[in-house]
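In the two complexes that follow, subunit A is the common piece, with subunit B as its partner first and subunit C second.
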Partner chain A sequence: MTVEHKILFTGTMGAGKTTAIGAVSEIPPVSTDVRNSDTSVAKATTTVGLDYGELTLDNGEKLRLYGTPGQMRFDFMWRILARGALGLVILVDNSRPDPLADLDVYLDGFSELIATTACVVAVGRMEAHPQPDIDAYARRAEARGVLCPVLPANVTDPQQVVQLLELLLLQLEA
Partner chain B sequence: MTTAAQAAPKGQRALLSFSVEGLPPREELLFKSLVRLLDHRTHQHWAWKAGEADLRVVGEQSPAHTGAPAVPVLAVGQVDPQRGGHFLALPLHADALEQTLNRLGAMVVHARGLGLVAIEAGPGEDDAFRLLRWPPAALLEAPHRIRLATLMTGRPTSLGVLRQRSGRATQECLDFIADLRRSGLLENVAEPAQAGGFATSIFPSSLFPDSLFPGNTGPDSRPAPPRQALRETVQPGLLARIRNRLGLLAPGPR
Partner chain C sequence: MNITPKINLAAESAIDTLMREIKGVKAVVISTEDGLELAARVENTAQVARLSAIASSLAALGAVAGEESDLGDCDNVTIEATHGHILMLQARHPEVTLIMSVVAGKEAIIGQVLYFAKQAALALQHA
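Let's turn to the complex of A and B:
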């Protein structure tokens, strides 16, 4: 049986989960998008199930990349996806009304996974929306008892997505 | 007012610390905020630190300080205490604060160069320490520092372990450790740092039965195992294979 491993990308709707997976996946990301009915977010479609991408390792094993549904009403899927994951990338959209509260949602929702494996917080759209700054996110994570890398990221750049994954690996190697 | 052309490159700036005592909370908050805002202009990088620092900022409510270490004192208030020292008048003005910080920063750096200020001894090779919080962005301007900090997010580490895992030069590790310590982000711990063990760990194939998604859809009520224990169950060689697939170099000699 083929051994499989997985890394999760989570975050709010529009934070870039599908984009991040597509930036590094060797297959076009499989998404369960539907027409977006949330008029507060300027997206034509949004992910209600999950995104999926994959990488084939040199021994034939698969590294599966899952993007979780962003909305809290799908949080029952977060726990399912989290089981056995190697690590978690939390994508935060700094243009949203209260991005620090968004971070809280995912730190809480994935607290068991974060406590047992690697986590990175990546904050997007900071060029146009510099506040809150990256240090505010670090303090917020600290207040939640989480010590993990917190950095700005543009997930449309594959190199930056690779960097996020490298930080997960470094934590696992430490 | 300095110009951008006069400002020293950020990577070459000294990291200095300041403490604040005796200022009203609002003025203390404003002072710290202004220092952060001016960070791209000041010749040194200034970071607030509780306790002994390179510069003492004192307000009018500050008690008399006896037996103080030889660090400059900056009085901040409505009226110059006329002690012949450094003074900033309230309300604070960014230009005046910038000039004062640059002047005092130059003094501190010069005093360090003359050996007039005690420089903290670096950690021993095996002295274990723990990172308390993800460092501020000002300390992470170089990419290798993000990696070093990441390596410190787990169990306690030491200079030797950090150098081994990162593959970075001893001086780079020492500089980063010193900056973290000055910012109050490191804590000494009694337990010895562990040099790996990860590479020799064994992965029982049944440990992650649900990694073959989709799996059991019920909530997992089992208590989470310790972070370190679960990390050590990752299949040997897996992380290297992922690195290889992503085109990443190994983090350092192991």
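Let's turn to the complex of A and C:
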């Protein structure tokens, strides 16, 4: 029987959740993007339901990849999507005004899931926005009692997304 | 996105009509398709933001279900709960797609809710 795992991607609007799933999914991703009407964020569309994709790893394990909406007004979807998830990838956009505070939102919003499963924090757009650095994120997470890998990532690159997923699964095996 | 005053007025008018015509309506909320409130009439105002976001998610999931089943666009989603119904309809105005959510108690007649809500959504689409 094929081993299947449910993995969840979360993070701020525009951090790359839909992009990450689309980068690695073997099936046409399911997307619930609609036109964005929040003028404070320069983005044409936004996810309001969920993203879904699938990926089979080299060892035959199948990952079902779910993406959450980023905005806190959709936190009811966070709770629904977190059910049964084996791990969480938090995507942070370092070009935003206070990305460390963004991290807090998702560490809090998914605290129950993080306490029982694995978590990886991936920081995007670090080339153009090097601060805060990776250590600052690790310290922030640790201050909230979360010990997890934090690394820079460009989620438009499928290899980097796979690396994040492998890192997540490694924690589960440990 | 800036919603024009004309659409805002049409939204208020649609809400007035639904509150007037349907017996047993508890709330009407009109929001953008990404879940931001445009106009509302509701007993408990705390519900409004929540309902706008939930309607947005459900409409989007309904759209995916319609597409995946080769049934086309999702025009409305109806939820039958123990104490009433929630009806969520899309109003596709050329400038902006809106979602109208109607919360009705058990005493409301669902056929009547659906009829008036569809009329109101049509009026909003053509505003």
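The criterion applied here is as follows: the second predicted complex is superposed on the first by the 162 of 174 C-alpha atoms of A that agree within 3 Å, B and C clash if a C-alpha of one lies under 4 Å from a C-alpha of the other, contacts with A are read in each partner's own complex, and residues count from 1 in each chain.
The rule is short, and it goes like this: contacts are C-beta pairs under 8 Å (C-beta built on N, C-alpha and C of every residue); 3 or more make two chains touch, one makes a residue touch a chain.
Source: prediction; values computed, not measured.
Visitor: Who does A:85 touch here: subunit B (first), subunit C (second), both, or neither?
Guide: In the superposition, A:85 contacts subunit B only.
Visitor: Check the contacts made with subunit A and report whether subunit B or subunit C touches more of its residues.
Guide: The partner that reaches more residues of subunit A in the superposed model: B.
Visitor: Examine A:32 and indicate which partner it touches, taking first as subunit B and second as subunit C; both and neither are also allowed.
Guide: Second partner only, subunit C.
Visitor: Could you look at A:19 and tell me whether it touches subunit B, subunit C, both or neither (first, second, both, neither)?
Guide: After superposing on A, A:19 lies clear of both subunit B and subunit C.
Visitor: Report for A:116: first if it touches subunit B alone, second if subunit C alone, otherwise both or neither.
Guide: Only subunit B; A:116 stays clear of subunit C.
Visitor: Taking the superposition on A as described, I'd like to know which of subunit B and subunit C A:94 touches: first, second, both or neither.
Guide: neither
Visitor: Does the superposition put A:58 against subunit B (first), subunit C (second), both, or neither?
Guide: The first partner, subunit B, only.
Visitor: Quick check on my understanding: which residues of subunit A belong to both its subunit B contact set and its subunit C contact set?
Guide: none
Visitor: Subunit B touches which residues of subunit A in the complex?
Guide: 1, 3-6, 24, 55-59, 61, 63-64, 66, 79-81, 83-86, 112, 115-118, 133-135, 138-139, 141-142, 147-151, 162, 165-167, 169-174
Visitor: Over in the complex, which subunit B residues touch subunit A? Could you list them?
Guide: Residues 131-137, 140, 146-147, 149-155, 157, 165, 198, 205, 208-217, 219-220, 224-227, 230-231, 234-235, 238-239, 241-248, 251 of subunit B touch subunit A in their complex.
Visitor: Mind listing the subunit C positions that touch subunit A in their complex?
Guide: Result: residues 1-3, 32-36, 49-50, 52-54, 56-61, 63-64, 68, 96-97 of subunit C touch subunit A.
Visitor: State the interface residues of subunit A toward subunit C in the complex, per the touch definition above.
Guide: Of all residues in subunit A, those touching subunit C are 30-39, 46, 48-50, 69, 71, 73-74, 76-77.
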